[in-house]
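Two complexes, one shared chain (subunit A), two partners (subunit B, subunit C).
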Partner chain A sequence: MWVFLFLVMAFCFSFQEPVFAEEATPLQPLIDGASAGDIINLENKTYNGPIRIDKPLTLQGEEGTVIEGDRKGDVITVEANDVTIRSVKINQSGLGKQHAGIILKKVERVTIESNTLEQVQNGIFVRGGRQHTIRDNTFSSYDEHFAKRGNAVHLLATKNNVIENNKMNHVQDGVYLDDATDTIIQNNRVTDSRYALHFMFSREAIAQDNQFTNNMNGIMAMNSEDIRIVDNLFERNLNYRGFGVLIYEMKNVDFEGNQLLYNHTGLEIQSSENVIVKNNVVAGNYIGLASKGLNKQVVFSGNDMAGNIIQAKLAGNPIALDDGLLGNYWDDYRSYDLTGNGIGEVPYEASSSTSDLLQSHPHLQFYFESPAMTIWQSVEKMFSNLKDAVNIDRFPIVK
Partner chain B sequence: MYRKWLVAILAVSILSGCGKNAAFEPVDINTDIDVCDVCNMSITAVNYATEVIMKDGSVEKFDDIGCMVDFMGGATKETGALFVRDANTGEWIEAQKASYLLNDDYWTPMMYGVISFKDDASAELFSTDNGEGSKLTFDEVVEHLGEKGSSKH
Partner chain C sequence: MTSWTIAKQEFKLALRSRWLILMAVLFTLLSVILLFFGGQPVVDGFDGFTRQTASLLNLSLFLMPLLTLLVGGMLIAGEKEDGQLVLYMTYPITERAIIFGKYIGIGLSLLTVLFIGYGTSTIILLFFGTVQWSITILFFLISALLILLFLSIALSIGFFVSGRLQALGMGLLFWAFFVLLYEFIVMALSMVISAKSVLLLLTISVFLNPVELIRVFTILFLGSGTVFGPSIYDFTIWASSWVGATMFGVTALVWILCPLGIAHWILRGGRRI
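This part shows the complex of A and B:
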């Protein structure tokens, strides 16, 4: 019996052909053979990278087209203007810090759309140059801790770029802007990463209609100026040192119409100048608004502050919590609007003994919104003593 | 007789213990939670991290040596020891004993462009791959970064 079984198995194994992946096709010869302006239509198969594109042309894939790197360097290097890369899957870049699925080297007007970049260190690395469009792509990095992953899109010393409708998941930073000028970032979705957007030494950018969830920070904005952040959603950025948005050493920031929901800290403003924060919803965060250091010309008005365990944690110099006519809605404000103009008659004091207590004894959060805490807060408001309150809203909104 | 030796050994070990900074050891970086105590950035480029151990035992961590120099300028507590890492290996070194390279084109987390090494050989290895930098001592690093501030561009 055993001999018979052995013979059967031996027979099976001897005829078991090793299964090879379909032979990959080298892609570089196709590019070398093309003329400037050509459209190269790629088939439903795997092409071998790395490749170098040194003339204007379009690489267009179909369902199942893959361009595979050798895990040593960049997969696609673009060294010509007016190149388009569309509808391909790009993978297997090197693991080194700067390696990328696609690298643009000092070129202009490159369009990268509807591609999938996965198992790459960085997705797209833009070095110098201008006027690129990066849209409708899907990005993810190697399956490593975020400290070892690269960025979905890394902009270095480049200008006039548009990044829209992309999905970025499991990367280090979604879009990292270093010395970037005039960048439009809209309708992107960044999840499970370190920072969704990371500004460093950049200027003139608009971030609008993006959704940033489950990252360490939604936006890490550092040392940049003239940045508009409007109509974005920052949700569940819950790392205990994480922020919906952190504005650090920034100048001229317009922050309007955003939703900051269920983050550790919703918005923090630190050592910045001319920051306008208007008409945002800041709700369900552990800390709603925080400030630190020397801030100049910060205006905070028309915002909805609701359901935050600590509404405001304001250190450093005082910041204005109204714009001179209008303040904010604070859900822990207890007073009356006797004149019927929608503004409470008693100023709102942003730091209270309850929030101080919660900061020094976090375990007391257990009593958040309990009857005892509510009574305490009411009593505190009734006997409020505004003499040393530096952060007050003189025109709190009553709903 | 034995007691005499015992006392002598004890005295020697205590005295030699005092001579060193044995109490001040660098602490591991935890990339999940550690952020720079100056600029708030998470510490992901771990070989560029630096640390100041205070005399009271508390530890300040930084993502870039420039942030450490910034912190030293306004430090309110007495410092016990300063540590930097060898950029190639991640080995912790006392800041005064390390070699440094400066090149504004080197990438560092906060773009200060100063990188630390355990010795000159390690620095040379780095400059072969990343371009030449000017060699600095720790005091020169402090002087340079103190003047420079945090803006690169």
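This part shows the complex of A and C:
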């Protein structure tokens, strides 16, 4: 009889043992046990979240370190200054109520670097506070439609942050700046998301050397001011209503040295003030440059406009297509530079009946620059009246 | 006596005549322009299909059919006027052999001139160190194909008309139709028919005109099918597949053989010789 019982118990334990082994280690006791300024080295295993960090600490992971949420709320909540989270994999946040992999609550100087955040709704949610660094991380959200996903980095009412060298894929917005001040966003790559960058009611931001590919919009910039967008690449944002960059009700924007390639609309400027668009390459888009609404002090000069099916679709009040000395290179400009100063002698008119025709009969794009279309356009140029034209570049560049 | 004899004789005659030197100069100029400007990207970082590539392609699409139609038609019509063709007919040779002989002979001499033209310009550009072989070969092939396609039309014109002047007139008429008017006609048609059949109309229209055939497939070959736009995406996908490529080849062959068949029919009927 005892022997029988022993056998039964042995049988049960032999099943239970691996279950015990797979169970994750709870992380909160480790944090509670540490004192301020400690470095907690995490091992190559899965730790149980969610956790709260309420003192200055460094969480240092190694290859294979995972901090797993319970799919209900945020995975890591940071409530202390000077926290560093490095080299861990964070996953399983809640889905549905703006939950995040890491949430920073009104704290300062937090560094989040070299982490992988996946299967989280928002990656990092920064609520208030200042001077955070978010660097070298990889983000992706749940495999849902982008309306249900969250943002890789969500900045809300925060200041002086740096976001650099991150990879963001399959999120809602790459970086969402809501009432954010003085933000540096550089060398990030955002792909397959809704907006790579999304500005709302923010100020003093610089976005440089980023690559935004295959999103709905590269940058959606709304109601913000003092924004510099420099040397970025916006590529293949091909959605029917997709833009390389949409500048909407913005003030003081510097847009220089960017490449806008193969988007549905390269750059659209709507109801904005003091927007300088200089030395960009706008090529291979369906519509190169678009404008709408009441724009003030918008200057578009020194840009290369090539291979756009419709070079410019300009509505609303006219915007300046030259800065008074220099215009842009338009690959459909058909006149000559007789004086040798690199500028054509006849102004360029940035709208034509061919582009109107294309908008009403899209299938005619099949004859893009075909022999017949070329003849049509030449005849049109012959009879066009530049004096009546509103959208003209007085100093088109000839190469 | 076979078509080969005719071809050899035609080739020799062509090499002796002056029009060939003129054409060689013309082709050299043309290809220098094409290769010099085609080889330089105007915009850094963008290598897609631009209006520049388009205008270079158009230069070939305008000039090659014109030259081929004029030269081919006038050569045959000239022989008719001078009585040479009647002389051929007294020899023991079939009409088919005469036609193939003429096609091969004139075709070879035109291609030789084209080759000399592109060769010269490549050598010229080699001195400036800017030869882009892919562009060179592409434009050479486009031009060669246009010559082969339009030569057979030129021959049937030549056999049909009664003299050089008529050949000139008809050549220009055909050129204007294929290069200038055709697209306008299709565009006009596409705007009146129902939206559902537009794709079918455009697809058929490509194969009914050698100029369109070359234009569309060159753009596809350059991997720039997206410039045709989303509304005819289905066509772009289909034409880029191997089925489309086969259709392209077969149609090109039909465009060479059909006009030659018509020429044969004209010659057999003894019309206006």
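Just so we're on the same page, the second predicted complex is superposed on the first by the 378 of 399 C-alpha atoms of A that agree within 3 Å, B and C clash if a C-alpha of one lies under 4 Å from a C-alpha of the other, contacts with A are read in each partner's own complex, and residues count from 1 in each chain.
FYI, a contact is a pair of C-beta atoms (placed from the backbone, for glycine too) under 8 Å apart; a residue touches a chain by one contact, two chains touch by 3 or more.
Values in this document were obtained by computation on a predicted structure and should not be read as measured data.
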**OP:** Based on the superposed arrangement, let me know which partner A:His361 touches: subunit B (first), subunit C (second), both, or neither?
**Re:** second
Original post:
Is A:Ala306 contacted by the first partner subunit B, the second partner subunit C, both or neither?
Top reply: second
Original post:
After superposition on the shared chain, which partner residues are touched by A:Arg241: those of subunit B (first), subunit C (second), both, or neither?
Top reply: first
**OP:** Identify the partner contact of A:Ser193: answer first if only subunit B is touched, second if only subunit C is, both if each is, neither if none is.
**Re:** neither
Subject >> Partner with the higher number of touched subunit A residues, subunit C or subunit B >> reply: C
**OP:** Once the structures are superposed on A, label A:Ala283 by its partner contacts, choosing first (subunit B), second (subunit C), both or neither.
**Re:** second
Original post:
Is A:Lys399 in contact with subunit B, with subunit C, with both, or with neither (first, second, both, neither)?
Top reply: second
**OP:** Pick out the shared contact residues on subunit A: the ones touching subunit B in one complex and subunit C in the other.
**Re:** 240
Original post:
Once bound in the complex, which stretches of subunit A touch subunit C?
Top reply: 240, 259, 261-262, 281, 283-284, 286, 304, 306-307, 309, 329, 331-332, 361-375, 399
Subject >> Touching residues on subunit C, where the partner in the complex is subunit A >> reply: 42-46, 48-52, 54-55, 58, 61-62, 179-180, 182-184, 187, 190-191, 198-199, 202, 211, 215, 226-232, 235
**OP:** Over in the complex, which subunit A residues touch subunit B? Could you list them?
**Re:** 145-148, 172, 178-179, 194, 200-201, 216, 220, 222-223, 239-241, 246, 248-249, 270
Subject >> Touch list for subunit B against partner subunit A, complex >> reply: 31-33, 35, 39-46, 111, 150-153
